[in-house]
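Following this line, the structures themselves.
Okay, so chain A shows up in both of these, paired with chain B first and chain C after.
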Partner chain A sequence: MVWIVQGLGVAVLVAVAPFMWGIAQLVKARRQGRRGPAPWQLYWVIRKHWHKETTVPERSSWVFRLAPSVSMAALLIVVITIPIAGRVPPDWPHNMLTLFFLLALERFWSGLAGLDTGGTFGGLGASRVTTLGTGIEPALFAALGIVWQVSGNGAMAPLAAHLSTAPANLLPWLMASASVALVLLAEWGRLPVDNPDTHLELTMMHEATLLEYDGRFLALSEWAMALKFTALATFGWVVLGPHLPSLWANLGLRIIEIAATAGVLGWVESGLTKLRYFQLPAYLAVAAGLGMLGFYLAAGGLSL
Partner chain B sequence: MTEGLFILGCIAVVGYRWPRWSLVLNLLLSLGILAYGGYGLWHGMSTIGSGALALSPLRAWFLLVLGLVASLSSWYRWGYHDDQASLRFWLPLFLLSMMTVILANNLWTFMTAWESMTISSFFLVTTHHERPDVLKSGYIYLVMSQVSAMAILAGMLVMGTHLHSVDFSVWAERGPDLSQGTKTLIFGLVGLGFGIKSGVVPFHVWLPRAHPVAPAPVSSLMSGAMIKLGIFGMLQFLLFDLGTTARWWPLLVLAVGALSSLLGVLYALMEHDLKRLLAYHSIENIGIILFGVGVMGVGIDWHHPAWVAVGLVASLFHTLNHAIFKSQLFLAAGAVEQHTGTLDVDHLGGLLRTIPGIALGFIAGSLAISGLPPFNGFVSEWLTFRGLLGLAHSTGLLGLYGLGLMMVLGLTGALAGLCFVKASGVVFLGEPRQAVSRQPLPASLTGSVLALAAISLLLGVFPQPLLHLLNGIDPAYHVNPAGMLLPARVPLIAGFLVVAVAVFAGLSRVWAVRPVARWSCGRDVDPSMQFTSASFTKAIRTTFAVIYRPHRQVQRFGSGAPDFPTRLLYRGGTVPVWEQYVYGPMYGLLWRASRLSTRIQRGPVRLYLAYLLGTVGLMLALLH
Partner chain C sequence: MDNSWIRQNVALKEAHAELLTLTATRNQSMRATWLDPVSGRQELVIVEVCQERFPSLTSVLPEVAWDEREIHDVFGYVPEGHPNPRPLLRTPRWPENFRPLRERPDVRPTWQDADPDNPALTVEGNGVTVMKVGPTHAGIIESGHFVFSLMGENVLHLDTHLFQNHRGVESLLESQTVDGVASIVTRICAADTVSHQTNWALAVEALSGYEAEAAVSLGRVVLLESERVLSHLNDLAQIPAGVGFQVAHQQALAMKEDWQRGLQGMYGHRFLFDTVRPGWVAPPDPENLLRLVYALRRAWTPWQHLVEGHHGFNDRMADVGVTTHADVVRFGGQGVVSRAAGKGFDARTLLPLYQDLRPVPVVESGGDVRARFNVRVREVEASLRLIEDAAARLRRETAAGDIPWSPQDGHSGQVAVYTESPHGLNVHDVTMDNGRVVRYHIRAATYRNWPLLAHAVPGNAVADFPLINKSFELCYSCADR
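Then we have the complex of A and B:
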């Protein structure tokens, strides 16, 4: 049973990823007073790219060509390792530390691919994406501090059961959730950290590494970008969110939660402006500080 | 077996005049050390000969590390352009003394081997003494090594006096019974000595000077094996022999690990010289190994066997892994130098097209050193995180300390990733930045680098068999590492990853692509448009300005100078903080002290005889 639910969950998450991305874009457009694209627009865009010829910058190498596949593969494994319905089959890999390494792999390879284009934009994107990564990784460790404190083995399991027993845990839980939300915003590449809709060289981060891609490579990259949003939103809800007793109900709840996250994201994003690149360390430091504070409260104050 | 290895080594030393024979003997010696290490891991404890040497699982593990690096670098030397007679003479001696350091079972054997290791490596570092600054680097290395040796000797003499023995097996037996005060003294002295030798911050200044100036096989041996002997010493003498110590020692080890890993990678980011960059990364990785050592120490002092096990296995496994991928990277850097004649990354670019094998090896090494799956660095960094997570799980300040260390390790990992995106991207990808020569490379260079890459991939996918060998490495704690990696499911993750990448690559038809001109806003493409190593790390330089203290200076020339200059002169750089604020003043102080001491040195022999007499008298008065 658990096998079927987990397998189905992975398939559903991968399939609906572009739709979830579309919801965020639609809500964003509506709030800005535009009619906006249909939520399934990204599927059509991906289909269009899929049937076009693929070109690569001259003299680029296999590193550039493999990057979309590496992104997609790393994110697929991230999805596989998340206990989507709250439980995983026995002997299933579901460790949070592994997730960090997979995200780092994706970032590493897109950085290499950016430099492989031999142009300015690729290098620019590579530099910015990897630099942002150096802030995201420690901040995510801090944001998940309460999880290390409570569970102690890094297994990706629902935390709600541990937390509901003591009301004193509510404040640390709130802090951790806020911190995780701030860090994930940066990891998704959404405002106020990065703007997926921009093509201005002053502001591009992730887009700059994709600039030279087209055809099937671009299709894969866009799907991977949407999948990153869906996967990490699922991760956050699984670890910190509420759970229902039934597996199937949990699976349904996840889908609703992700759609709601996308909607809120689109709504909030329209009210934000992009932060200056050099202010991002402060943004991530705030996120990390919140996480550490939550951890400290959960760890029971001063005593050695 | 050991006698055979010693005789083989001595023949290799004497045979330095015959290049090919000396290489073959060197290779045989290295393979012998490797085999002996494997035999030791299989067989467990044994004393060799009269008891001056002994084998234990821990020693066998370090023999394995040494043998592996030495074998591959011997193979590499077959086609290396810089294989001089002095190198052929000193290298077998270096190997023999490192082997003896590991096997030594009493104080005198150990110190003799330790000093002979230092001296032989000094001559290896100064192979190119005719080049500027090489001798100076060599002397800095020698002085630091001597300070380290004196600290170790002092600490060991304290231990020997209190235990009334210089035999290491006696130390292992009775060491835990020493009083806390004695243990603290020993920990301070011996820890300082081994810390200097393994290049931890703030004693790291010799490392980025000495490692890069040596020929590539020597750099790989020094970074891969020699600095690990400091870790070996800490494990054997401080953690195994002493047992529980004052609680702040392991916490200090963790702090030093954090400082070394973070500062090591931050300094590496600002380097333009490929080998210096790699040398700084050795400091970083020693810091990561110290995380494991520290977790083990905390486990011993807090009586927490699970922490001991995970800390020990993480540090040992990272020791082996770092030896593999660091020698891989150093050997690849040596190949780049042989190919192009330069190591300045800002002059290079696009080397993947001319030396694809080396590029593949370097990129694989970059993935491994950044701790990314499916390579071996992933496994040991995962284990290190697992150890720190144990600390973060405890309550109060210790928990917060654990979380802070996890954040430092996360930051270090991300910065290392950034640094190796930069290094492999700027050197091997994109377009050449300047015209450099392109010498063809012999097959042995590419072969040895790729062999190391294959080993690191193999250990990254199937770490379990090696972990089984670590069973019973510490008799006191019955470490059982076999189940430690179960939650990571490394083979499964790595297998999934490889299959998924292959499937997506097939789906996206990576072979059916058409090369077109790249987009550069409608202008002609120029290689100087690419990001360089300095521009790639600009944001890091600004963010960590407290540490780097960057400075820049712009001068404008021409008739309309300030507003319409015809020529600009731009200078920029960072401040070498340790050299300028710590070692510089210290050196000045020493110099002044030595000037002061000249006042009592007037020259006449009678005066010196009087000093001697006075000293003897003083000692007699003090001791009786």
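Then we have the complex of A and C:
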């Protein structure tokens, strides 16, 4: 049973990823007073790219051609390791450090791909993505540390279960939630960190590393970008959110939670401006600070 | 004589006069026309070109650097002592001795098969990245090639290569008749078209000694101010887009679109082409105008509250892309850019057109993106008041003479006329002989402001360039006639 639910969960998450992206775009459009594209627009875009000719820059190497697959593979493994319905089969590799390093791997390869073509925008994007990574990683690490501390092991287990038995963990839980929310905004490349909808090359971060891609590579990258959103939203809700007793109900709840996250993200994002690039370290320092303080509290360093 | 050219021009600059135009003619002479910003009196300084050379003013008057380079390109007169005599609009594709305004070639020049990429001025050294943007851009904008020298995320130097779509309007205007000029001048630029049309009308009327009726003048004021509102609404929409502030961007675009549709309903054209001619103006509709202003105000007030109260947006605009008052004066900056840096010049205060409507220049002192944004916000409000005022007067005006005045044949002479376009002081220097144009020089406001943009960007983060660029929002096609 657990096997079936987990397998189905992975398939559903991968399949609905572009739709969830579409929900965020639709809410954004409505908030701005536009009609906006249908929420399944990204499926048509991916299909269009898939059927186009795929070209690669003359002076690019195998790194450029491999990078989209590596990103996609890393994110697929992330999805597979998350206990989507709250429980996983015995001996399932669902350590949080796996997630941490898979995200680092994905970032490393998108940076490499940006540099590989030798184009200025790709290099600028690679520089920004990796610089941002040096802020994201400690913040994420600290937030994961809280969960580890509370649950007693590195597994991606629901933290909420521990709250009922130990109310003192409420504050660390709040801090971990806030920290993870800030980090995920940065990981997703959404405002106020990065603007996924801009056409201004000079302001791009993640998009700049994709500028040279077309055809099937671009289709894969677009799907991976959408999958990153659903995967990390699932991770956040599994670890920090509520759980239902039934596996199937839990699976359904995940889908609703992700859709709601997309909607809220679209709504909030429309009213924000992008932060100055040089202010981003301060933004990520807040996330890391919350995480570290929460970790300290969870470890019992401060008796309340 | 050479010295007196430099001495007289520098003296006028030191007396705080505005340089209207600096231009040459094909019979070996050059002239500079200056404007006294208080009295509105014009001064003319003339110099003869000796053996294809003239003394360059650039080292003492840096604002004419482009004018002299352009004169070199199209007339072949060499500016002696110019510190940077690169071609401005000439490309390697032009034949060796092709000087388009010097003599009128009977045959079309054959373009050379050469690399059109003029070398750019860049910074060299360890760790410097050269980044090229354009001339084709991801957005729907005009063609401009920008070469950045970067150190990490910081801009060290910006070289702008404009003049990618040179149309030769000045050459096209030569030997045109009064009717022929109007349709060309209208199409110089869609953003400042009313200003260009009004300049031409004022030039013909000045040469004929005709004074337009009050109703015609008021009709022109309505058009000029409507164009300013349209252009400013567009700029006010683009600035939030530069920092991803989508709600403010889309709402301002919606206001602009409603305004534009209203203008189309009244004047039959979304960009107000062909609405002003010598002695004539497209008849305004005061009732509809007032309704349109009322509708715009209803959308404007909530939008203004949104942008003024938004912390993130105001933080992004502050202290970015600063032009100092000293730079604006030195480079002869115009319009919003100069008024945002504390230079209180607005040609509307000098124009007889505005009579007793008494426009007041809007001035801010910051010189940054926020100051330019605020100047535009306040100018839109001032323009709406002017439109209401003019519309109220037009309602009282009895439709006097319905017989349109048409210019008589055969007027001759030279005149420099100007209006305040949405982008600033827009000047036409017109010489006519026996009803035909001999020389027509157009100096739009953006021609002076482009060098200021290149000056304002170094020292800022490269990711802020779109924001700075949009706060200048300079027209390419006005500068590259």
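Here is the rule we go by: the second predicted complex is superposed on the first by the 301 of 304 C-alpha atoms of A that agree within 3 Å, B and C clash if a C-alpha of one lies under 4 Å from a C-alpha of the other, contacts with A are read in each partner's own complex, and residues count from 1 in each chain.
Definition applied: a contact is a pair of C-beta atoms (placed from the backbone, for glycine too) under 8 Å apart; a residue touches a chain by one contact, two chains touch by 3 or more.
Just so we're clear, the structure is a prediction, and the values are computed from it rather than from any experiment.
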Which of chain B and chain C A:L140 touches, first, second, both or neither: first
Which superposed partner A:P90 touches (first chain B, second chain C, both, neither): neither
First, second, both or neither for A:P245, with chain B first and chain C second: neither
Partner touching more residues of chain A, whether chain B or chain C: B
Contacts of A:A73 with chain B and chain C, given as first, second, both or neither: first
Which superposed partner A:R31 touches (first chain B, second chain C, both, neither): second
Chain A residues contacted in one complex by chain B, in the other by chain C: 120-121, 123-124, 127, 277-278
Contact footprint of chain C on chain A as seen in their complex: 28, 31-34, 120-121, 123-124, 127, 191-192, 195, 197-203, 269-278
Chain A residues touching chain B - in the complex, by the definition given at the top: 53-63, 65-66, 68-70, 72-74, 76-77, 80-81, 91-95, 97-98, 100-102, 104-105, 107-108, 111-112, 114-121, 123-124, 126-128, 130-131, 133-138, 140-142, 145, 148-149, 151-155, 211-212, 215-217, 219-220, 277-278, 281, 288, 292, 295-296, 299-304
Of chain C, residues touching chain A in the complex: 129-133, 138-139, 152-153, 240, 242-247, 249-251, 254, 310, 312-313, 315-316, 461-466
Touching residues (chain side chain B, partner chain A) in the complex: 349-350, 352-353, 363, 367, 370-373, 378, 381-382, 385-386, 389-390, 392-393, 395-400, 402-404, 406-408, 410-411, 413-415, 417-418, 420-421, 424-426, 429-431, 487-489, 492-493, 496-497, 500-501, 503-505, 507-510, 512-520, 525, 527, 529-531, 535-540, 542-543
